[in-house]
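Here it is, the structure, as structure tokens.
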Amino acid sequence: MSAVLEVSGLEVFYGASQILFGIDLKIEQGQTMALLGRNGAGKSTTMKAIAGVVAPRAGRIAFGGKQMAGMKPYAVARLGLAYVPEDRQVFPEHTVRDNLLIAAKKGPQGQDEWTVSRIWQVLPLLERLRDRPAGRLSGGEQQALVIGRALMGNPTMLLLDEPSEGLAPIVVSSIGDLLRALRAQGATVLIAEQNMHFCLGVASDAVVIDKGKIVYRDNIAGLRENAEVRSQYLAM
Amino acid sequence: MDLDALGRCVSTASCLVTQTTSGLIAGLLLFLVAAGLTLIFGVLKVVNFAHGTFYMLGGYIAFTTLQVTESYTLAVLAGGAAMAVFGIFFERALIARVYGQDVLMQLLVCYAVVLIFDDLVKMVWGADFLAMGMPPAFQVPPLFIAGGIVPPFYAVLIGIALVIAIALAASLSGTRAGKTVLAAAQNPTMVSALGVNTDRLFAVVFAIGAALAGLGGALAAPVRSLTPGMGFSVLIDSFIVTVIGGMGSIAGALLASVGVGLIRGFGTIGFPTFTDGLIYVAMIIVLLLRPTGLFGREVV
Amino acid sequence: MTKTDQRITLRRRPLLAGAAAALATPFVARAQGTAKSGTVKVGMPTILSGAIALLGTSQRNAAEMEIERINAAGGLAGRKIELVVRDSKGQPQEAARVVRELVNTDGCEIIMDAEASSAAFAVQEVIRDLGVLCIHTSSETSSLTADPKLRVATAFRCARQGVHDSIVGGSYAAKVADAKKWTKWATCSPDYAYGHDTTTQFLDFFKHFKPDVEIITQAWPKLGAPDFTEVITKLIQAKPQALFSLLYAGDLSAFINQANVYALFSNMAMFDPNMGDYPVLTAVKSLPAGIYSGTRYLENFPDLPANAAWGEAYRKRFNQFPTNWSWQNSTAWMLAEAAAKKAGSLDAKKMSEALTGLTIDCPFGVGGKVTMRDDHTLVNYAVGWGRTTPKMPYVIDIEAGDWKQLYELEAAWKKQMNYT
Amino acid sequence: MTSGTAMRDIAVAAAALAILIAVPFLVHSPAFLDYIIRIAAMSLFATSLNLLVGGTGLVSFGHGMFYGLGAYAFALLMQRTQISLAAAAGCSLVISALVGLAVGAVCIRLRAIYFAFVTLAMQMLFYSIIITWQSLTGGDQGLQGGIPRRVLFGFDLNSQFHLYTVSAVVMVVGLLLLRHVSASPLGATLRMIRDNEPRTAFLGVTVWRAKLTAFVIAGVFASLGGILAALFVSGAYPELANWPISGQAIFAVMLGGVSTFLGPLAGAAILLALGDAVTRFTEYNGMVLGLVILFVTLGLRRGVLDVLTEALRRRRTGPAAGAAE
């Protein structure tokens, strides 16, 4: 099976300081990959670079075989890669429904189209809030909204940056349910997370990033067993 | 200062109506130009100091179009359309290079455009002032409404300005494209990450803003003088309106335009030599009470 | 990044050298300026950009015509004239700098100051410092030469002035007002020194001739304002029988257009000394008939063949009408020519002596003559009032001002202002 | 500031002053003297603006108000009173400081673009007062009749050379003082505010007090520039207080560079020389100036001195860059 997303030798600088030192990643169709690491390890920067929000100085990012390093975010999104940033970034003055509608986009042929009513089905709490401005939702509701918003673009792959950050445990578990359901439908997902327990429950594979480099890669079961990696890089 | 005269005017129906309508006229014409400015700032976060230049060019292009076609309607449309095209060019070629940079950089780029086009206008249309003249359809006596005087030409201008204000507000809050624009105003990166071509969106918004200024210049051309550098005073007024209303707020711009118009209308009676001073004072007071203007959001 | 930077640096070198040379010229240029001793350089600071660029261009045109004529006749005191025109953008501090540069660097021996009022005052101070000959050709503010504190030994004014216009205008308006029984008046003048001072002056003389007038309202629109609507409605509200205005050029044209929309001219008569100038008369698309107007420059006033010929020559050559500023500038050259002949030298002191009290033949003077009075100001130029008509000759029924009366009232005014 | 760098600054300033004063003895060029007098005025104005823009992150659009205020206060004191020139200048600076305190107290509450606009509004209000208060200011025609240029410490300011010498001394001393401010603990605090205002406040700095101090100091030095301008044109004109004069200072700052202390001086020198040169060659000076601005903003993207210092540093440190030259 060929890789959906393939990143190699990715280097990113903020001004004069280097953040990523040659990241290599490979994600295959149907995988839910967890990108784990401490605060400041380079997770978000990796996600941003893939999404086109920051421009890499070196390296290749291929999506479905197409080179896309240096593309603008909208071009990346149009290739079928949906990005959910860590601080969620709802459009606070728009209603929940409008947040979803702004993102609506046709997907590739043959895929089950995501529509607003289908989002209501998988995220019923949003339907009750449909006319509320997104800025007045709770953190958990906003997180559900931005995942739903990402789905509205009918992407072939999802990039989720810290979906569990700052949320109550009960909300985290319901987001976990959603991700497991998506995985069951065959979705391809890359999740950047600090919360390893959350990932152990939803991901199929894992990589660990530290100081801008990938230091470990295995399937999720392997990570579960590897106490050394967990204590050294994930502070558990 | 002549507070007696002001008191007398406020207590006479005809003076009240006439000065209010003349304030509305001045205010709504100002709104057309200021709406474009506030739209551009709201979405692109660019302080467009070249906005007065669009207004000027709109007027001159309307002047020439009228000479060639003898149609005021065509002249107005040409003024607006030409500025839409020019706006796209200006945004793509110049402004796009200074996005996210120091406001001073943006200011200087716009200032350069102001200087260049003031001279270009002088080369093309001459240093002398030009007057377009009133279209024959409007060469009719004014109407008297409730003792106040309303010229038909201005009634039409008020109508057009109001239609544009409503259309702008409705398309921003009522259509998907408009909502996307508003979303981009708050968070352009996120909108881009959702697959919206923000480069094109910005260019289109800039074009609409420029077209509004051009339209303002063209609509007012029959009653105003065309001179190189004429955009300046309109620019200053538009800025005041935009700042009072809150940068980026169309509703704020409308309210502030009408407010400035009314200050002019009654200021000329009560404070004939300090009308502009009144407006600056109003702006300073508003900014002190509400640092982001009447309807503005905090801008980083 | 590095690569593009290098390229720019490499290419920039010759450019920089060229730029440096251009920038350094002012500091060395004087040697060249004085080398060509066969010519005399005359500097002309003026406004060539912005809303009143016409002030500069129409004077430059006039200067060109006169210099050609004078040079063909042998020049000033035997030296050919070379004109150096500089744009001050109308800014006094820039005008001061430009004049210093014209004299110190370019070696100009005479300054034809074509600056509007505020800059003319700044030029006056520079002339006081430098002591060269200067003729102001556009400042109409009377105090420039009337106030002895401001007067400079080598500076002259060859332009109409506010107090003259006010006296003639006051007398004419009084005559019309008497005939039509107009006693309720309003004023509408630009809100700056010229507007305020000259309106006050006009009203003083107007009331001197017709004491029973009442000024019921005064409006002061801002200079260069795009919109006069609220001012126009204010005037209509006040219901005066006649309106006196000092608006001019683009503002006047916009005011008339906007006033037409309100049918203002069917409610009141309008008097404006600045109406009778071709740029306004030709630009206003629907010029109302019967506006009472001062004569600034008209080919039919003074009604002299020389004037008509000069206007026609100007029109043919530049494909536009001359302005009030054009005749003033032309007259300044005629005065300089006559003074040089009389003095036999271009020395500032000798020229000043020759100019003081000099009377010359001139197409723009009453009876074909104008005089540079001993107080360094031009008198006996044609000044009158008439009524507008939408077609050429634009102003008709012109009544000439009476200079005898003018001198008397001017003297009284000077006394009142402590200018004697 | 360590006394070492302070001594070095003083030495550089003394050398610059010595050269400036020597020039008129070597070459006779009244135009050069005029040029330096104008640079003196403009460089104090622009450098003081940069204390706000580059040094504190306060983008003021209305700094020209203080330039105009200095010119008017000084010229009026000279015309209407008999006090000495030095006293008139001193009083003008005190007036500017007081006005700066009042205006600053209002303005510094606002942030970013709103600060820019309220300073612009303040300047326009000031300008419209000058135009309206004709009996005091002469309105748009400015103060007529010139400034009686009294003798200052044995210098007769009617003489161009004496005015030049005084201007050169004022410029060098003024810039040295501004340099001292930016190198002082206050300057360091201001830079911290510029880089991260919340953190600075967190560190226990009273941010508004530091900002207000900077605003007042900048205003005082701008009006010192205005005083020199008034002496040069022998009067005060509303154009000295109108917003384009602020625009000129902003352009001088950007042209020279915000991150070097002498950037605004270089910018002022280039801008004045450029303006003078362009006026000599064409009446379309707006167009030429506009193209130059586009070149600097879009081509260089930084001020000239910033570009030069970076090139110098690269040459010193990077062998690759050195080879490229």
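Should a chain be cited, it is by its letter among A, B, C and D, assigned in written order, with residues numbered from 1 in that chain.
Going forward, a residue touches a chain if its C-beta (ideal position, glycine included) is under 8 Å from a C-beta of that chain, and two chains touch if they have at least 3 such contacts.
As the structure is a computational prediction, the values presented were derived from the model and not from experiment.
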Chain centroid nearest the full-protein CA centroid: B
Greatest separation from subunit C - chain, by CA centre: A
Inter-chain centre distance, subunit A versus subunit C - centres from mean C-alpha coordinates, in Å: 73
Rounded Å distance, subunit B centre to subunit C centre (Cα mean): 34
Whole-Å separation of chain centres (CA-atom averages), subunit B against subunit D: 33
Contacts with two or more other chains, residues of subunit C listed in rising order: 48-49, 56, 191
Contacts with 2+ other chains: residues of subunit B: 118-119, 122, 273, 276
For subunit A, residues that touch 2 or more chains besides their own: none
Chain pairs that touch, as defined at the top of this document: A-B, B-C, B-D, C-D
Subunit B - residues contacting subunit A, complex: 176, 179-180, 182-183, 186-187, 189-199
Residues of subunit C that touch subunit B when the two form their complex: 48-51, 53-54, 56-57, 191, 217-222, 224-227, 229-234, 236-237, 249-251, 253-254, 257-258, 260-263, 279, 283-286, 320
Partner subunit B, residues of subunit A touching it in the complex: 51-53, 72-74, 76-78, 82-83, 85, 89, 91-94, 98, 101-103, 105, 149-150, 153
Subunit C-touching residues of subunit B, taken from the complex the two chains share: 5, 9, 14-15, 18-19, 21-23, 25-26, 29, 118-119, 122, 127-134, 138-139, 141-142, 149, 151, 153-154, 220, 222-225, 227-230, 232-234, 261, 264-265, 267-269, 272-273, 275-276
Complex contacts: residues of subunit C adjacent to subunit D: 2, 5-6, 8-9, 22-23, 25-30, 48-49, 56, 85-87, 89, 91-94, 96-98, 100-101, 104-105, 117-118, 121-122, 125-126, 128-129, 141, 143, 147, 149-150, 191-194, 196, 223
